[in-house]
Amino acid sequence: EEKVLTMSTTSSTQSSGLLDILLPVFEKESGIKVKVIAKGTGAAIRDGQDGNVDIIFVHAKNRELAFVNEGFGTRRYPVMHNDFVLIGPPADPASTKELSDITSVLQRIAIRKAAFISRGDDSGTHTKEQALWADSGVQMLEKSRTIVKKGKKIQVRSYFPADTGSWYLSIGQGMGKVLTYADEKQAYTLSDRGTYIKFKYGKNPAIELDILCQGGEQLANPYGIIPVNPAKHPHVNYQLAMEFVQWITGVRGQKLIDAYRLEGKQLFYPDVL
Amino acid sequence: MDLLVNSVQSAFLLLFSGDPELLTIVWVSLKVSGISTVIASLFGIPAGFLIAYSHFHGKRFVLTCLNTLLALPTVVIGLLVYSFIARRGIFGSLELLYTQKAIIIGQVILIVPLVTSLSIAAISKIDSRYRKTALTLGANQRQMAWVIIKEARYGIGAAVIAAFGRVIAEIGISMMLGGNARGFTRTMTTAMALEYDKGEFVLAVALGLTLMSIAFAINLLFHFFQGRDAIDVV
Amino acid sequence: MLYELSRLTRIFKERTILDLEHLSIEKGKIYALTGANGAGKSTLLTLLAFLDQPTSGEIRFCGERVRYGRQQLLHARRRVVLVDQYPIHFTGPVWKNVEFGLKVRGISKKLRQKRVEEVLERVGLENFPQADAHKLSGGESKRLALARALVVEPEVLLCDEPTANVDAENQEIILNILEGINREQQTSIVVATHYLSQTRRLAHHVLVLEHGSLSETMNENIFKCERIHKEEDFLVCRVGKEVDIRLACNQVQGLEQHCRIHIDPKSIKFLARDAQTQEKNILTGHIVQIEQDQDFVRCTIDCGIRLHAVLTMDAYLQQQLMIGEKRVFCLPDTSILLL
Amino acid sequence: MDLLVNSVQSAFLLLFSGDPELLTIVWVSLKVSGISTVIASLFGIPAGFLIAYSHFHGKRFVLTCLNTLLALPTVVIGLLVYSFIARRGIFGSLELLYTQKAIIIGQVILIVPLVTSLSIAAISKIDSRYRKTALTLGANQRQMAWVIIKEARYGIGAAVIAAFGRVIAEIGISMMLGGNARGFTRTMTTAMALEYDKGEFVLAVALGLTLMSIAFAINLLFHFFQGRDAIDVV
Amino acid sequence: MLYELSRLTRIFKERTILDLEHLSIEKGKIYALTGANGAGKSTLLTLLAFLDQPTSGEIRFCGERVRYGRQQLLHARRRVVLVDQYPIHFTGPVWKNVEFGLKVRGISKKLRQKRVEEVLERVGLENFPQADAHKLSGGESKRLALARALVVEPEVLLCDEPTANVDAENQEIILNILEGINREQQTSIVVATHYLSQTRRLAHHVLVLEHGSLSETMNENIFKCERIHKEEDFLVCRVGKEVDIRLACNQVQGLEQHCRIHIDPKSIKFLARDAQTQEKNILTGHIVQIEQDQDFVRCTIDCGIRLHAVLTMDAYLQQQLMIGEKRVFCLPDTSILLL
């Protein structure tokens, strides 16, 4: 019988093309086929909670840890990381180039009311963006909606800078679409490096946006992999999941990640190697 | 099961919360899909009449093409329209991208084939004596067309309703050409897709149910206008 | 001349339905158009109403050659109205249907109101203005179709079987209407019909179609018959269950088992009670109907089959034909035509 | 403009490359949408007949509901089906999620209202004399229904084609319930969406054009089966 | 009894279309059903064919009360076939249409082939088996409808105007077919018709409908008339353009400007050339038609309006009525009925 491992992951691992390099090798070496379901981080974690998949591979560290704490996952294994970059129009209307620190850049953008595009989709990137806004001291607004879950009323909250008027656009879409949008509107946005490289160097016509701020602990973007807990969902294929975890955090997997180049640029940095 | 129950309750809360953001979203949805449907009907019904009632070489080919266009995926429409109205496209200077107008353009392209093709089906089953009678009684081409369209109104009505349903439930084009910008081009469906992406399934379904209630209200209105007789058969 | 048709054909899928060498129709006259089912009457009327194009040949209308461009057609069609054999009505009430022709001509609401009321009264539908046109009875529906046509007061009225399905009272009324508009408004009228006896009294001319062409012989006294046996110089054919007809041999070359014959009504001769004759075909039958046909008298004889004979008024009076009477008559050889 | 030209060229390359992965994707698309359309038709056409030809209290309400269901967004369908077939759902043990079967279930739900509603429109315009004639000549209910459906075949055919177009071009349900897993549930449209996400616009449109060519071929076939007479009007 | 209807009504949207106290139809007989347009003939036939349900009242078929369940209906419907007034055909060739009734009865292909061929031959459509049923001419289409019904050899055949739109030759053929199946297969037949003169010779009974109820008076000699002036003890009404009729005053209470009268054909009296009479209504007209009506003779007089008179054979022979003759006749007071 065919061994199939079902994995939920964020779109960025898939659309960056990394999985297309990793999985065929893994499949050849272990005889395990990996069925990849790529979606937003929120939905991917949700898949794990619901036991629809055997393993999740995402980038939202706090939520990953919560996932493990609540008993849905056995353990978070760090796999790799890359970083977020703040990009914007070459003309740089908010003059952010003179600043090096991401929080002050965001502050300046808010003060100048320069157009900023937000993912607004609770993805890893969006979670990061919200945290950065909070750190930058820009006043945040909270918006909540009441919904019912398991018979109880609960609030669904979202945060965004106050006084946004028309400069802060929350578009609730994937990274690629946000880049396209920002390019069209010549606006600033926060992106993961992989997608940015792809859209800047791998696409014709390329986006015009440039990196205006990068580096620093605050912009780190770690990816973790978590097998779904068989104690919670007995049907999951924990054994295959662990085989994959061992492989990807092992030498073979880590080397492949390290060697992966998109448009000649390194995208991900292995955590274990 | 849970999901459904929770969502129904949440939908009620949403509907009665009077949340201004939700109202905006509903209004944008209705406006955009309403306008798209009207434009597509104004174009598709006469086109359907013309195609059904003319003889020309390659008519079968045109029909096959129309039916093929029914399978036009929203991604393709989105990208093609995008390539024209993007900043660097031919119509870039009109600044249409990420506006409601852009959604309307895309949606019209999406449903014109549907309205046309279903209108042809409805119109071509109308007894040819209607045409002859109208003409012999002195109708000109336009008046004759009107007679035929009136006789086919139930089928055409169904086409228009189907088209409206298609666009109000449509996500791809609204996302790609509208951009799902909060307060500007966010529609019920893009909002729903967003909540789904976030993993907020209850909220997504609740928004969907809100959409359905609104669609229901509109259909009630439509039925009312279409009149009693349309459905009396046997 | 109202219409002049020359070398006109109409072909559907390789079948020639109409093939008219020449046909002229005069202005201000009533024509009756008759012929067997499928002879092409309705097809011809559709052409005369400019609702169809001939496959070849030309139609001249009021001296001008008909062109099939939109504008020319609209102009011509506004002068001619066709009442269909099986009319169809627009969804909606009777009133709206009648109003239609006036509405498309842009006639004012007030005038429409008046004309519609008048014409509904005329065809006896004054009690149904709001009835659903699709739910009318067979005859009511036919009369509505006529009303719809009358209301626009066309120069030419083409009626396909206007009295079929209509009750006796209204048949009279319709015939009177046709006569009336012809007399008072000089409307030219062509009526396709199988009830010539009715129409004869108003028609100035009778046109007979046979397989799409004009014919001299009336389509009556046509019978299927079966070959029974051959005698010396004639062939015995049976018509119906019991009537034997003898056909002269010069006609029967290569005759098949079944054939159709036509008996010329004008050639049937009643014999005096004691007369002697050399004729081959001598038959006996009851007289079941006698009617006036302009200057002639038509008489129906039941001799196993129903035969129609046409006599001059003098011959009729001389023969003293009476209903119910049993009479002997003969069919001269020349009166029988093999079709 | 560029996009279109490049895409057309790429589409040709794709089509004639014989790439086995592309073939799998095409095959999955066709299989899934074909099966969905057949199931939906088998259900929707008879349902349409029954609704059109029966008198019952609340018929207008049923019609309005049907029309409302035309506006059912794919996200809602996706989530509701998900909640049933997810591991924790009632049918979780069937392991349907992220399989082609799941897509089919979702798509059937998507188009049954469309097929039903358009069938009703087509059937209810059929002259009631057809029914009477069939019955008086001795047809039972089933045979009579068949007569009516045959008379309405052009309208019903249009409904089926529209439904097929809808599902083959559909993205949301295939994504949510199929999961776009390569080699398993990747369809033309989800592949397209993926390429779009990657920013590979040319490839996305090229895939779209490939889809259109296939849809065209299928429509040609369909036209061929529907017969010559269906479109002869006037 | 084949059918027994009692206290039957059929109401459409508050309008009572049929209201029959009692009606029995015998097995194996031919009934002619007549009455003005809208009298309810087609509605009645539809009820007799079990294609519609009465609003109230009951129908007994072969002694059993008709139940409107699916299975019972199917059973009853397979014994009765209705030929529509305006028949509609299934899309497809003539052949398939005729075959339908046999196919739904599960009859073998070979037998179907044979029966369809036979019946097409019978109605004279043997040359069109593959023709498109929708493109037939008016009369062909009517005959196809008849063929479709005949092929299943029903126990009861209901024909709504079978000869309307049919040419003279085929009218004869159809009447002969009806007569034939009634005689040979004891098929019970009900024929709705406006051409009583034709049907009279085959019908065993004539049913007259008037506003949905059975009536004694035949629907002939009915005229619209207009009140002109009142004299001492009678009222003068004008019928048509020139005929004045005097109505006795006891009838004219509250008479409106327009009314309809019926003149009993049996009461019309021809006067000897020199006769003197006290009658108020003495008219003169030409005799245009005389025909046999079983033991009676029907005579049509044109005196500005067309009046029908029915005489006994004796009276006819005695009066020596001749076509074309100008005759004087009177309408006794009792012969005129205000409707």
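Every chain is named by a letter (A, B, C, D and E) in the order it is written, and numbering of its residues begins at 1.
The working rule: a residue touches a chain if its C-beta (ideal position, glycine included) is under 8 Å from a C-beta of that chain, and two chains touch if they have at least 3 such contacts.
As the structure is a computational prediction, the values presented were derived from the model and not from experiment.
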item	value
Labels of chains that are neighbours to chain A and to chain E	D
Two chains sharing the most C-beta contacts	B-D
Intercentroid distance (Cα basis), chain D paired with chain C, Å	54
Inter-centroid spacing, chain C versus chain B (mean Cα positions, whole Å)	53
Gap in Å, rounded to a whole number, between the CA centres of chain D and chain A	35
Chain C, residues touching no fewer than two other chains	86
Chain D residues counted as touching two or more neighbouring chains	196, 201
For chain A, residues that touch 2 or more chains besides their own	39, 174, 177
Those chain pairs that satisfy the touch definition	A-B, A-D, B-C, B-D, C-E, D-E
Of all residues in chain A, those that touch chain D in their complex	6, 11, 14-15, 17, 33, 35-39, 50-52, 174, 176-177, 179-180, 195, 198-199, 202-204, 233, 235
Interface residues, chain C side, partner chain E - complex	12, 35-39, 41-42, 85-86, 135-140, 143, 160-161, 164-172, 176, 194, 197, 219-220, 222-223, 240, 286-292, 297, 300, 305-306, 313, 316-317, 322-324
Parts of chain C lying in touch with chain B, wherever the complex brings them together	46, 49, 51, 70, 74, 77-78, 80-82, 84, 86-88, 90-91, 100-101, 104-105, 148-149, 152
Interface residues, chain D side, partner chain E - complex	127, 129-130, 132-141, 143, 147, 150-151, 229
Residue numbers on chain D that touch chain A, as the complex places them	86-88, 92-93, 97-98, 175, 179-184, 194, 196-202
